[in-house]
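Sharing a structure, written as structure tokens. Questions coming.
Which chain is which? They are A, B, C, D, E and F, in the order written, and residues in each are numbered from 1.
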Amino acid sequence: MPQFDMPLADLQRYRPERDEPTDFDSFWDRTLDGQRVHRAQPMFVEVDAGYSQLVTEDVTFAGFDGQPVKGWLLRPRHVEGPLATVITYIGYGGGRGLLGEWTGLPSAGYAHFVMDLRGQGAGHRTGDTMDGPLAGPHHGGFMTLGIQEPDTYYYRRLFVDAVHAVSAAQAHPAVDAARIVISGGSQGGGITLATAALTQRVNGTPPVGAIVDVPFLAHMRRATEIVDTAPYAEISRYLGTRRNDVDTVFRTLSYFDGVNFAARSTMPALFSVGLLDDVCPPSCVFAAHNHYAGPARMKVYPYNGHEQGGAFQDVEHLAFVREIMGG
Amino acid sequence: MPQFDMPLADLQRYRPERDEPTDFDSFWDRTLDGQRVHRAQPMFVEVDAGYSQLVTEDVTFAGFDGQPVKGWLLRPRHVEGPLATVITYIGYGGGRGLLGEWTGLPSAGYAHFVMDLRGQGAGHRTGDTMDGPLAGPHHGGFMTLGIQEPDTYYYRRLFVDAVHAVSAAQAHPAVDAARIVISGGSQGGGITLATAALTQRVNGTPPVGAIVDVPFLAHMRRATEIVDTAPYAEISRYLGTRRNDVDTVFRTLSYFDGVNFAARSTMPALFSVGLLDDVCPPSCVFAAHNHYAGPARMKVYPYNGHEQGGAFQDVEHLAFVREIMGG
Amino acid sequence: MPQFDMPLADLQRYRPERDEPTDFDSFWDRTLDGQRVHRAQPMFVEVDAGYSQLVTEDVTFAGFDGQPVKGWLLRPRHVEGPLATVITYIGYGGGRGLLGEWTGLPSAGYAHFVMDLRGQGAGHRTGDTMDGPLAGPHHGGFMTLGIQEPDTYYYRRLFVDAVHAVSAAQAHPAVDAARIVISGGSQGGGITLATAALTQRVNGTPPVGAIVDVPFLAHMRRATEIVDTAPYAEISRYLGTRRNDVDTVFRTLSYFDGVNFAARSTMPALFSVGLLDDVCPPSCVFAAHNHYAGPARMKVYPYNGHEQGGAFQDVEHLAFVREIMGG
Amino acid sequence: MPQFDMPLADLQRYRPERDEPTDFDSFWDRTLDGQRVHRAQPMFVEVDAGYSQLVTEDVTFAGFDGQPVKGWLLRPRHVEGPLATVITYIGYGGGRGLLGEWTGLPSAGYAHFVMDLRGQGAGHRTGDTMDGPLAGPHHGGFMTLGIQEPDTYYYRRLFVDAVHAVSAAQAHPAVDAARIVISGGSQGGGITLATAALTQRVNGTPPVGAIVDVPFLAHMRRATEIVDTAPYAEISRYLGTRRNDVDTVFRTLSYFDGVNFAARSTMPALFSVGLLDDVCPPSCVFAAHNHYAGPARMKVYPYNGHEQGGAFQDVEHLAFVREIMGG
Amino acid sequence: MPQFDMPLADLQRYRPERDEPTDFDSFWDRTLDGQRVHRAQPMFVEVDAGYSQLVTEDVTFAGFDGQPVKGWLLRPRHVEGPLATVITYIGYGGGRGLLGEWTGLPSAGYAHFVMDLRGQGAGHRTGDTMDGPLAGPHHGGFMTLGIQEPDTYYYRRLFVDAVHAVSAAQAHPAVDAARIVISGGSQGGGITLATAALTQRVNGTPPVGAIVDVPFLAHMRRATEIVDTAPYAEISRYLGTRRNDVDTVFRTLSYFDGVNFAARSTMPALFSVGLLDDVCPPSCVFAAHNHYAGPARMKVYPYNGHEQGGAFQDVEHLAFVREIMGG
Amino acid sequence: MPQFDMPLADLQRYRPERDEPTDFDSFWDRTLDGQRVHRAQPMFVEVDAGYSQLVTEDVTFAGFDGQPVKGWLLRPRHVEGPLATVITYIGYGGGRGLLGEWTGLPSAGYAHFVMDLRGQGAGHRTGDTMDGPLAGPHHGGFMTLGIQEPDTYYYRRLFVDAVHAVSAAQAHPAVDAARIVISGGSQGGGITLATAALTQRVNGTPPVGAIVDVPFLAHMRRATEIVDTAPYAEISRYLGTRRNDVDTVFRTLSYFDGVNFAARSTMPALFSVGLLDDVCPPSCVFAAHNHYAGPARMKVYPYNGHEQGGAFQDVEHLAFVREIMGG
């Protein structure tokens, strides 16, 4: 059944109770406080990939525990800054990719910062960031990495990287620190929800808007009950083997669930959903949207799955970015 | 078996006999001669889609029988022309798409002309061109449309459109008519092979290079024997129903097979192939490459299918375009 | 889940609101009035395919815009006419096939008229009718052909052909014009529903019964939401690409939806449904049946899909035909 | 790969060594001799299924061990006999079906005898014959039933039934005993090969021709190595479980392999093959054909699987039947 | 959808009306009475398979109609009897397997009796028992074997074998006849439910506990409506072919449905269910559990299918066996 | 095609050239030398899981870099030691599992040491060993973890663990250090090949035999070309994304390929292969076998895939173990 989840009318009202640990905020305060010591000046090095109309820079900044995280910064060569800037987080398995994948926003006059993902970058877009000293980009296995405890869970490190990426972008002279929109689809949408909530706690000049396409990492328990596709299936396989660990796993995940972050974010947000999406099911996307604490609108694609609006959604992005930041 | 076709070493030597009708050239001469009367001045209308660093224009030109065919022309706003230009033909089912899908080449300083495909544009990229008065963009069915005779076959009209697209691009003042590279992947690769051969016959200033990624419409009989995927499967289904029409169908197709066009093209060419490609099988791609009459190089992706090099191949494109046309 | 649609008890009560344009009737009156000028005497030519006990004739009659449409007429050689006659419309992708596929009804003493389908006949049964001058039988692509406007939609032409087929049959001396049952499965069931309603408007001696097996083209919007199989999937793919066209598409389809025709047909009808049918889902079949304006009965096959009753349903056909027309 | 088996040119020459037990002939002589005692007069009872132009009879005859086996006999009502007659054996899982499935040959002036299959008739066509006192028609499991010994193997009983069916048909006054063609597709083709060879040994007036479409039960060991589809897969599953029984199983099967029967049949034969057939792979069909001891021709369908020629092959059947028996 | 059946909360309350024939008890009384005459002394023969720490015996006992049924009896070599004993029935397609598959319970100090299944043992575990004189182990086809009448249905014979197996085990001097737990998963669970109910009627010392993992043969009509996997699909295919036999089939099955046996069993029972089980769907397992007449507990595996708890469930088995029988 | 790889006769001769780095031996000498410092006394703690006839112990020993690695040691309670012992390595994704999974060998009188796998144990058998401080058992991702360099590759750590496991077992008083057979299937087979070769270099009393079932990690490049199943597909996905890293990846893998280890192992070995195995393809298994430097025999299962002989192969194991070590 293509529309395998709830009917649209039900989705629009779907606001399930949140599964949220009582120390959610203190967990993150503790985590982010502990990472302050690792802040360092990011490095930007211009690279020539042939895109003569753009300035393209290779970025290195200090992520979790000060470990180096890579990124790209692209901006139009012929526009004076400081520029309104979009930061993008990538979907599961991908890294920052190649520069040629990111010419759209700079062609529209914006700076674009693309954060690489530790250990990922071997699934659909190449990446260049290690997850600690031994784990270069590799294929698969992040969903349950360290899931035994919130403190060891992979996404704790990744979300810290994402929060630091905002500061790193703000450190660049061509970036207007007060005009930043964060964005991402799928896992990138989940990271965006986390970053929106967390930067509001720790960054004096948090982003001013969030683009959250078909977010992954949201309402995760239901997701594992209604879809059996990668990457949620990594959780299901884990629990199908380790049958006594169901409570442990969902306790850990509750610190990272986008629904809980959504309830803490107040910047304007643009969501999208594909009603046929069997990777990030519609009810999980709506659960995050319907709990979102700030102004949020949802773009619905009734005949699309996880690919959602594609280039049509890029048009929505441009409109939202312009509406929020001008340009 | 992922590498289901021949081993690479055999592929590199694979040069099957061509199935070519004796009147191949006269068929196309007659066709193109008959279309000269329909030539008309193309129309270029600037549109604002928010890409402030580019000039973006909606194109309408006279295709087969003078029917209006759409396209996009994009170029960098801050570079003086006339510009080296790339013309792109789209894969099966797609149309010219939205402007935001084409910011890469203009960001690199080139003009980019994207031709829409009559009747297509309802499969993966949206389109806006009718195939005659009744058939707007629709999903599927082009592979066997009019296949009973070469004169009624759909691709006769489409290849004429593609030849006219070159002249249309050359008519724009910002385009350097002597520095044009034609390009395309899959069906777009098949159209590129045809256009390379045909423009050499009828255009005084033919393109100077061709990019042919994983070409469709090449060595078609073998393709139907070794893969059963869309769109070649439309032929197989046709013949599985109309069991007496095998000879008729392959006679028609012989006028449109990329292997026969390849043997007539002399401009430098860049090919690519995915060794796991079950849409346009490697041996069919190599058959075209190995019959190519001009200088040709092949980029091999051993662990990719029809998606071939993706952004990695875009890097190859830029290098090839720069090598051929400067810029 | 094999019974993926509603439980049988709910199906039997399922009578959704109709999505019907206000000018539905005037659209069809205008269409059929405009076609009156194209009526012409049908041509019947006896052919020998070895079925010595039958008289078998090749039929050509004037369809939409007077274009020639083919058919077969078979009848028992040893029965004096005029005969009670069954007209059959074919399922998606098929044509009139070969004469040997239609020996059942004539063996039972009836005349059988099988209408060919313009452009189809390359999917499961061979056909011989062009859809205009360029489009011979081809594989796929009819569901969205001309869907931008009701006036250009493929099924407008096809339904006119079907209405004219009734008159063509009635013109044959061996056919008893007052004893005709129209019939079809899947797409043929959709055509039957349309023909039942439309012949009542324009044919002084409309058919006296309708056999509607697992009708396609009925309650189409729901169909695209609950199944993703060919041919409804052609609509879904179209809308998955052309994301802004949802309203346009369903406006066009509302002029062709079997539910709207059912609400206008009063001749006795025999329906069938397979509760596992994922091509023409049960709720869509029941929607047409439950809106049917005349006496209708439904034969339910709980363990069958789109193949429904097969030879068991042929037994029902014979009983219904005998009940309605004697013989 | 659709053409997954050998290329056509290799198929046409493929004549593998036969795996034939030394006592093949004596096994069958002993078997058939032992069954002579069970011969009995068949019973023919006219039934009215509404096919007024035909005479339709329910048949009961004595099969293996005298057990009652059912069948249908259909013939044209308006032709004087004795008639040239076709006997048909059904594919795996099917039974004699309903009378309405068999109107083609009588419409062409022939008598048609359709034999029911013991225990089968619950897979695709309904049946009415028990395999001993406990086993009515049931779904699946025949391929390995009693496979431990040739004497207990299911097909020993079935082939005896098939041989007796010829005598039963010959006992009907409307049947011309000297003008009988036996026929069948898939399992029916395998039974036909066996019956052709065996009736030549024991029936004074054996059939005069054989139609063998895509025969099953031929070159079985290779079949299990290159396809994994039902019903050959029943053997593979058996051996995948009972890993020490490979030799036992193929010893039993060697008494029933169509290749060994083909080498003993001399009546003219018409074969067919689908080059995409993954149920009865082309090389196994050609193995039988290329070992056939009499005049045989092969109809090749390059773009079809197990469905082979469908109605197109019915045309070949009529031509072959006429050629062999007149009519 | 992985959790394709009802939500857990609904499952826990799901207690559908039973479809039970009025003569259910008299049918079984008659059956078991009729079999008393066939009781005979079982035979136990020690075999050496290398498991030096165990005593391993090959068993032959008189099953339905006195036909020989095989089994294994394993027990610890270094423990004095009589021993608490577990009897196990195997899942669909399997037989008693090899001795090495059953070392767990004897290593824990219990005797273990594994009953072979007539005709099965060619699907996943090898077997050695004939179903009558002609049918050795074969692959598939048991679900509808003799389904036309309760008296001829395959499972009537099998359930009688299972009841006799208990007496056979009790006849061994090392077995404590008063301390027996019967057990099985899938088909083995269905047999366990039947044996629990039936031994209470006819065995003076019935088993004292039952382990029923993911039982098959329970709430069968619903099962055929919501899953289409082997082996329930054998019923669906049968009814998809023999469309008029729906009532006949479910009447027969009602004599064998685990829900009806559950309502008659009072010994303590341990059930298990996998919420993703698409072979024996959760609602059918809960239907049996929720109708169970004795004390029953259910172990739920939310992220498992038909494999349920695997080695984790073995831990539950040991605990249950110890709780019921000590040891 | 079930037998998708080479015919058996070709497999038996298949001895491809080895892709072996010149510093293969020095890499492993350096690695193992560097690890000597981390040797420590293993810890054995008896646990009661209810298997009263066995002594069951939880093991912790020092693996790579001295990190704690878990294991089980089981032995018969009623046999005096020191015992001949089997060490088992687990397949991809699995850990040491639960004690109840390992009662077979102790029931036959042997001690059985089962090594846990760092980071694995969340795929099919549960595990309890961390891969460094952050990575507890998780699902997937090991095949390309650290693949950028041989020194960082995951399997370097794992193979060191496996070598240390032998010493750990030898440290137990009930184990006869001179009578050890190492064993494993799939990934466990690959580890066995590595351990056989490496213990011969560094352990004064290396194992005396090796059981290598359907080994994974052997002839890996060919494997990625002919199968696309987990886990080899993790390499293919990596290279399909990171298209420039083909040489890097296969250079790293060449240090870990079972073919290279096989060429260095001289202890007697028992191999098995399933001719339908699409996880560890037959040609890769034979490549390792045919390069094996010691006496090796191969058990061929023609109708099995990766499950190979199952309980039938356990019989072969027992025979081999007895042959090598007595018992």
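Please note the rule applied: a contact is a pair of C-beta atoms (placed from the backbone, for glycine too) under 8 Å apart; a residue touches a chain by one contact, two chains touch by 3 or more.
According to UniProt, the chain labels map to these proteins: A, B, C, D, E, F = Acetylxylan esterase.
Note that the coordinates shown come from a computational prediction; the quantities given were computed from them, not determined experimentally.
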Common touching chains of chain D and chain C: B, E
Contacts common to chain B and chain E (chain labels): A, C, D, F
Interface composition of copies chain B and chain C: same or different, split at half: same
For chain C paired with chain F, centre-to-centre distance based on mean C-alpha positions, whole Å: 63
Rounded Å distance between chain A and chain F, as computed from the means of their C-alpha atoms: 39
Centroid distance [mean C-alpha coordinates] between chain F and chain B, Å: 51
Per-residue multi-chain contacts in chain C, two or more chains: 125, 312
Which chain pairs touch, all of them: A-B, A-C, A-E, A-F, B-C, B-D, B-F, C-D, C-E, D-E, D-F, E-F
Touch list for chain B against partner chain C, complex: 93, 121-126, 132-148, 152, 234-235, 237-238, 241-242
In the complex with chain A, residue positions of chain B that touch it: 49-54, 76-79, 97-98, 100-101, 103-104, 106-109, 125, 311-312, 314-315, 318-319, 322
Parts of chain B lying in touch with chain D, wherever the complex brings them together: 4, 224-228, 236, 239-240, 243-244, 246
In the complex, chain E residues that touch chain A: 1-3, 276, 301-304, 309, 312
